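First chain written, first letter: the chains are A, B, C and D, and each begins at residue 1.
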Amino acid sequence: MRFRNTRQLTESLLGHLSEADATVQSMEDASPAKWHAAHTTWFWETFLLRDFVPDYTLFDEQFPFLFNSYYESEGERIARDNRGLMTRPTLAEVMNWRAHVNEAMDRLLDDPANADLIALGIAHEQQHIELLLTDIKHAFCKNPIGPSMWDAQPARSSVQGNGWLAHPGGIARVGHQSDGFAFDNEGPVHRVLLEPFALARRLVTNGEWAQFIADGGYKDHRLWLSDGWAWINRRNITAPLYWRDGKHFTHCGWQERDPDAPVAHISYYEADAFASWAGARLPTEFEWEAIARGQDSPGFCAAAGNQLDPDGNPAQPPLPMGTEELYGDVWQFTRSTYLPYPRFVPAAGAVGEYNGKFMAGQWVLKGASCATVRGHSRASYRNFFYPQQRWQFTGLRLAKDL
Amino acid sequence: MRFRNTRQLTESLLGHLSEADATVQSMEDASPAKWHAAHTTWFWETFLLRDFVPDYTLFDEQFPFLFNSYYESEGERIARDNRGLMTRPTLAEVMNWRAHVNEAMDRLLDDPANADLIALGIAHEQQHIELLLTDIKHAFCKNPIGPSMWDAQPARSSVQGNGWLAHPGGIARVGHQSDGFAFDNEGPVHRVLLEPFALARRLVTNGEWAQFIADGGYKDHRLWLSDGWAWINRRNITAPLYWRDGKHFTHCGWQERDPDAPVAHISYYEADAFASWAGARLPTEFEWEAIARGQDSPGFCAAAGNQLDPDGNPAQPPLPMGTEELYGDVWQFTRSTYLPYPRFVPAAGAVGEYNGKFMAGQWVLKGASCATVRGHSRASYRNFFYPQQRWQFTGLRLAKDL
Amino acid sequence: MRFRNTRQLTESLLGHLSEADATVQSMEDASPAKWHAAHTTWFWETFLLRDFVPDYTLFDEQFPFLFNSYYESEGERIARDNRGLMTRPTLAEVMNWRAHVNEAMDRLLDDPANADLIALGIAHEQQHIELLLTDIKHAFCKNPIGPSMWDAQPARSSVQGNGWLAHPGGIARVGHQSDGFAFDNEGPVHRVLLEPFALARRLVTNGEWAQFIADGGYKDHRLWLSDGWAWINRRNITAPLYWRDGKHFTHCGWQERDPDAPVAHISYYEADAFASWAGARLPTEFEWEAIARGQDSPGFCAAAGNQLDPDGNPAQPPLPMGTEELYGDVWQFTRSTYLPYPRFVPAAGAVGEYNGKFMAGQWVLKGASCATVRGHSRASYRNFFYPQQRWQFTGLRLAKDL
Amino acid sequence: MRFRNTRQLTESLLGHLSEADATVQSMEDASPAKWHAAHTTWFWETFLLRDFVPDYTLFDEQFPFLFNSYYESEGERIARDNRGLMTRPTLAEVMNWRAHVNEAMDRLLDDPANADLIALGIAHEQQHIELLLTDIKHAFCKNPIGPSMWDAQPARSSVQGNGWLAHPGGIARVGHQSDGFAFDNEGPVHRVLLEPFALARRLVTNGEWAQFIADGGYKDHRLWLSDGWAWINRRNITAPLYWRDGKHFTHCGWQERDPDAPVAHISYYEADAFASWAGARLPTEFEWEAIARGQDSPGFCAAAGNQLDPDGNPAQPPLPMGTEELYGDVWQFTRSTYLPYPRFVPAAGAVGEYNGKFMAGQWVLKGASCATVRGHSRASYRNFFYPQQRWQFTGLRLAKDL
């Protein structure tokens, strides 16, 4: 059921796009929507069907080369920045491949021996659903006419309460600790020592960011990390990605910015500078997780908040609106770099390339965004990006020492 | 009639492409097929309809910004390397625009006052037809599965005769000198002094180029211009563009190379090195024109040879095959740089940007290629490219001193 | 006394160089020797003399612009990659400036109110002494004739014992915790929770690295971080910097490599890949510090090991040789990124730019190198570099879980 | 005598520089002064001493590798942009080499069999004297303190007369046609057909260029070649190189600009744009040569005008001042690209690389500059540079059609 809903959700999103929309690639970090539809299918074929269906034959001999992403163990693949030139196979051919694989998967779904890999494949496709949404947003924004993927007008968000969630510090257990699925990078579970701190009850908003700009935040070197200062000056960056005058670019085209909605599409450098300006700091990934787990109290629900509905047919475009929840709207930068936990060992085989080899130069983000499929995230979940990347729904929640 | 045939030819070529094919851009030098279809339409709207149809309103207010190419006088335009991100307007919308403009042009076609601009617009669209064909070839070749635009198998070319066309030298009249249409860069007609020389009867072939390679032509610095030597070493160039093993990429996908067919897709640097290896040289543009005009004898027919049929529906894909004619198969590099003729003055207004401002750093090519619309070329025609460019059907014909 | 010895040491090293040697810059990361001599002098003039000597006048009005490094608060400065074009002021003029500042400093040295800034200035100049040595090594190595800075033949190192230093884990106090000088980035002192682990008794050697290479270490993607794999392939890296055939480049020119000496001039990416190949890992900065502090036992002496003698006139060139000590030979990569400690606040004023703003994208190294002035380092010392940098004396010591 | 004077002139110029000045390289186009001193010596050793002195042994086995410039036939050499890192061999060692070669050359100077190669070697060293002067000027200008090579204050230039030198057109004999020395690229002598034209009596001045700027010359796309427009916008170019406020940089540091002196340090793109603005054009190389030869009248003297005195000890720094002569002050851009003359064949052997292989992408300049050794130039002389280069003393003289 979750398999079919996830597959259906990918296909439903493609229904909002023309074949041309689904083909283009607006930068090396982004991939075409058609590529996401194909690569997720490659994943099922490569790691499930090929290994566990004895008589399975590849749908097309060339597709493994065309749609492998970065798995060195799975052989050669096309250069990442050439993904946008693959006008063939056509979108219809890719959809046929999807149907073929969906059908073949039917035989494997009920065998408990495959449960772990199937859970991995679903999580993988959910990640690509989010990327599909952020990648097409980037491509549309580069188009001077600013196309819309949805016609719906965005709803107005409500003002959120202020305040802080305090934590007394001490030893906390972090990392994946339930029976459910988790990526290898979320473990092993281990203990960390926390100092007393507090985490903001709500995300930083567009309105607060506008104050930061008005106060000269992008012009005061004292607020910035050296690499960040070089980056904003080299790239002439003076606002979040997708901001222009009083508007910002959304999946519904250019729209008025809601000052009460959470700010999105900022880099780590900008998040860090804002926190300095606000006299606060970013939380560590462990502080965030400790709050999320609620320690000895109930904690927050990972599936609450403003996220993407998993029912296979999203009625609403993703847009940060603001909720009382910890998970949703935007991924939240931490001041923790993406490094292995003590005694971490990557999974065996090609899927071991999923996470471990990226543990250099990136920062951990916690929570979930409005483009994250509901149910995908959890307290131990570690999203990660480079400090200058901001085409994801990235935002921040302040922390402070107590 | 020529207007409608030319417009129809563009549209007929688009019929071989999916919307995705027509949208992508494989390098900054190339443009999407849809962009060619739109930009040529922009040309008619901008330089004819807007100026000469009193009540004409733009089909879409944003299209002038989207589809201006390089006319500074016509205002801002999108960055050249972003042309491939315009998934909207859709191909259907562009085709509607074409129909709208075709219909509006009907009113202007018969007025002799517009004849010059109409001739220019037809020549302009013919140039973009050739570019559309070479640009999509480049994009398809970057696709690992090597798609075909036509299914037809290429015919086998016949062996051409050897020998030289001798010229006694003396004063020759060059430049446009008839009543027909010509670009401003083809005039004024003027006299040049030629030394006795001879021009090869046929184009250099794939087979001869293979000998050049086998003889170490790409490894012998003595054959190369300094800039060319740096270029082939920096880019690891060891063969013409589109060569791989015994095959080459065509509009019908990867095909066996015919050793008797003219070599194509070489740069000026390579043409010059080959001529040195062969103990010959490239002709000047004036030597070529003098032979083409036949001096006191009949001369060659500019509309003969292997070119693209102008009837609005090409049955055959463009492919160099070899003929006895001077015009066709491949554009022929000369050793003349693209500079203004004595007393040259660019046309007034924005169309003056058509040619004159490009007179720096490029080389003149003469003749016509298999992708040139028959009737487009003439003895005074000056095609021009940078010395490292080779995605056009470019080849060479040797010359020598007498 | 330490002030004068440190200043004298800088000047003594310059005595091994011609004016031309002292002027050139071999890459943006490196600076000219003359620039180091001048910039350290700028530091004393800017942060001590100008502020605390009432009647002090600048030696030269242009020098603050010429010799500021990266202090935004101190105003404009020349582009970093132009430092090597400053043939004027001459080396003699810079030496005169040094003498002038040395004399002026005499008045401040005995006032306890200045002790902290003086200690900072000495530590600063010691850091630049190390950079001067590694920068000139880089410049000399780019010279095809491979000049020597010292004639002395390097001594043969002795084989070091194997084995591991075990640690039971638990809560450790880390960060600066004595009364002596420390940089702001070494504090505040705080507690961390360690799992049981062991640290190798000795550094990885040239001989072991040669085995790593022979075993295909640079060709096996499974050993590498993704960014590291891209880096070695893009740059064609197959060995440590300065290795060529059986030799390596030293301050005494090209010399045979001693297989028992510690390997040097490796990047973080290489250190991490080697550790994976060896079935081990890199230590965290806290593990290293816990071993160095010896917990409840005596611990190691930070001033022992193969380091640069501080007496103002080094008799020997810096060269990793191998000792039983924890500090010396090469800086040791940790798997910790360079981030602020809990409750870290940068120092007030311009000197606050010294450390905090670099806390992004870099890794912590512990210990000391053969080019570190003896007495400069301590258990809490945090050196830091980007993961691809390797022109410093960088090496590694393995760790493993217990 | 000319040999000794030329050698002495190189050495005299070095006497104005410190060893550091003589070592650095400010861009890839420029070379260190010490390198010029060494490379010219390499030329004598390689093409004369090694071939014609039976018992000659190389002064140093490594120098051929270090000081070859671009002669592929003479083997490997260091990367061009690494020339500035050769702090060793020292300047003193290079001067010793020069003395050694000067002495060895004594045996060859009087043998008429060597006259051609000796004339070539002298011309070669004269070219490097000019490059030494323009290269060090560039390096000094990049130094914020703007050092001087000479203390002398530049003299004030006198206002020059206006007017035009008319030419009736017709067939002109161009190319080298006397018994004296000439480079291979100046021949063979041949005939060209000229239309009636006129050449300005004087060079364009600083004052006229200031008017061009004030009139918006750098902001009007209609004046510029497309490549030039892209170049000035990409590089933010709004004035000649070395202009800042009312001053310009000279070998005597920053000085007031004389409005009556010829403008210098402009690119081809700028020269072409200025000519368009002035309603004129640049002359062809043949028009310039026809005027210089005076047709049936006496013509101009190539050794007159403001040039560098060849007596081995220049008293004055090079500075454009304005004269009535055709040769001097600045090299004059033509609208001719640097291409081979009819029947041109490069000289045999390695010296054949001197000129022919550079015949792509460059423009011909005629005349001589204030940094050209008097006697070096002649009517057929063809200097050549890329269209964006402007660190030479480059200027312009207008032409127009009659």
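The rule is simple: a residue touches a chain if its C-beta (ideal position, glycine included) is under 8 Å from a C-beta of that chain, and two chains touch if they have at least 3 such contacts.
Heads up on the chains, UniProt names are A, B, C, D = Ergothioneine biosynthesis protein EgtB.
Treat the numbers as computed from the prediction; the structure is a model and nothing was measured.
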Going by the stated contact rule, which chains contact chain A and chain C alike?
-> none
Number of steps on the shortest touching-chain route linking chain A and chain D = 2
Relative to chain C, chain with the most remote C-alpha centre = B
For chain C paired with chain D, centre-to-centre distance based on mean C-alpha positions, whole Å | 46
In whole angstrom, how far does the Cα centroid of chain B sit from the Cα centroid of chain D?
-> 38
Rounded to the nearest Å, the gap between Cα centres of chain B and chain C is 59
Junction residues of chain A - those touching two or more other chains | none
All pairs of touching chains?
-> A-B, A-C, B-D, C-D
Which positions of chain B touch chain D when the two form their complex?
-> 70, 72-73, 171, 190-193, 195, 221-222, 224-229, 268-269, 272, 335-337, 339-340, 342-343, 357-361, 387, 401
Partner chain C, residues of chain D touching it in the complex = 18-24, 26, 62, 65-66, 78, 82, 84-91, 139, 142-145, 147
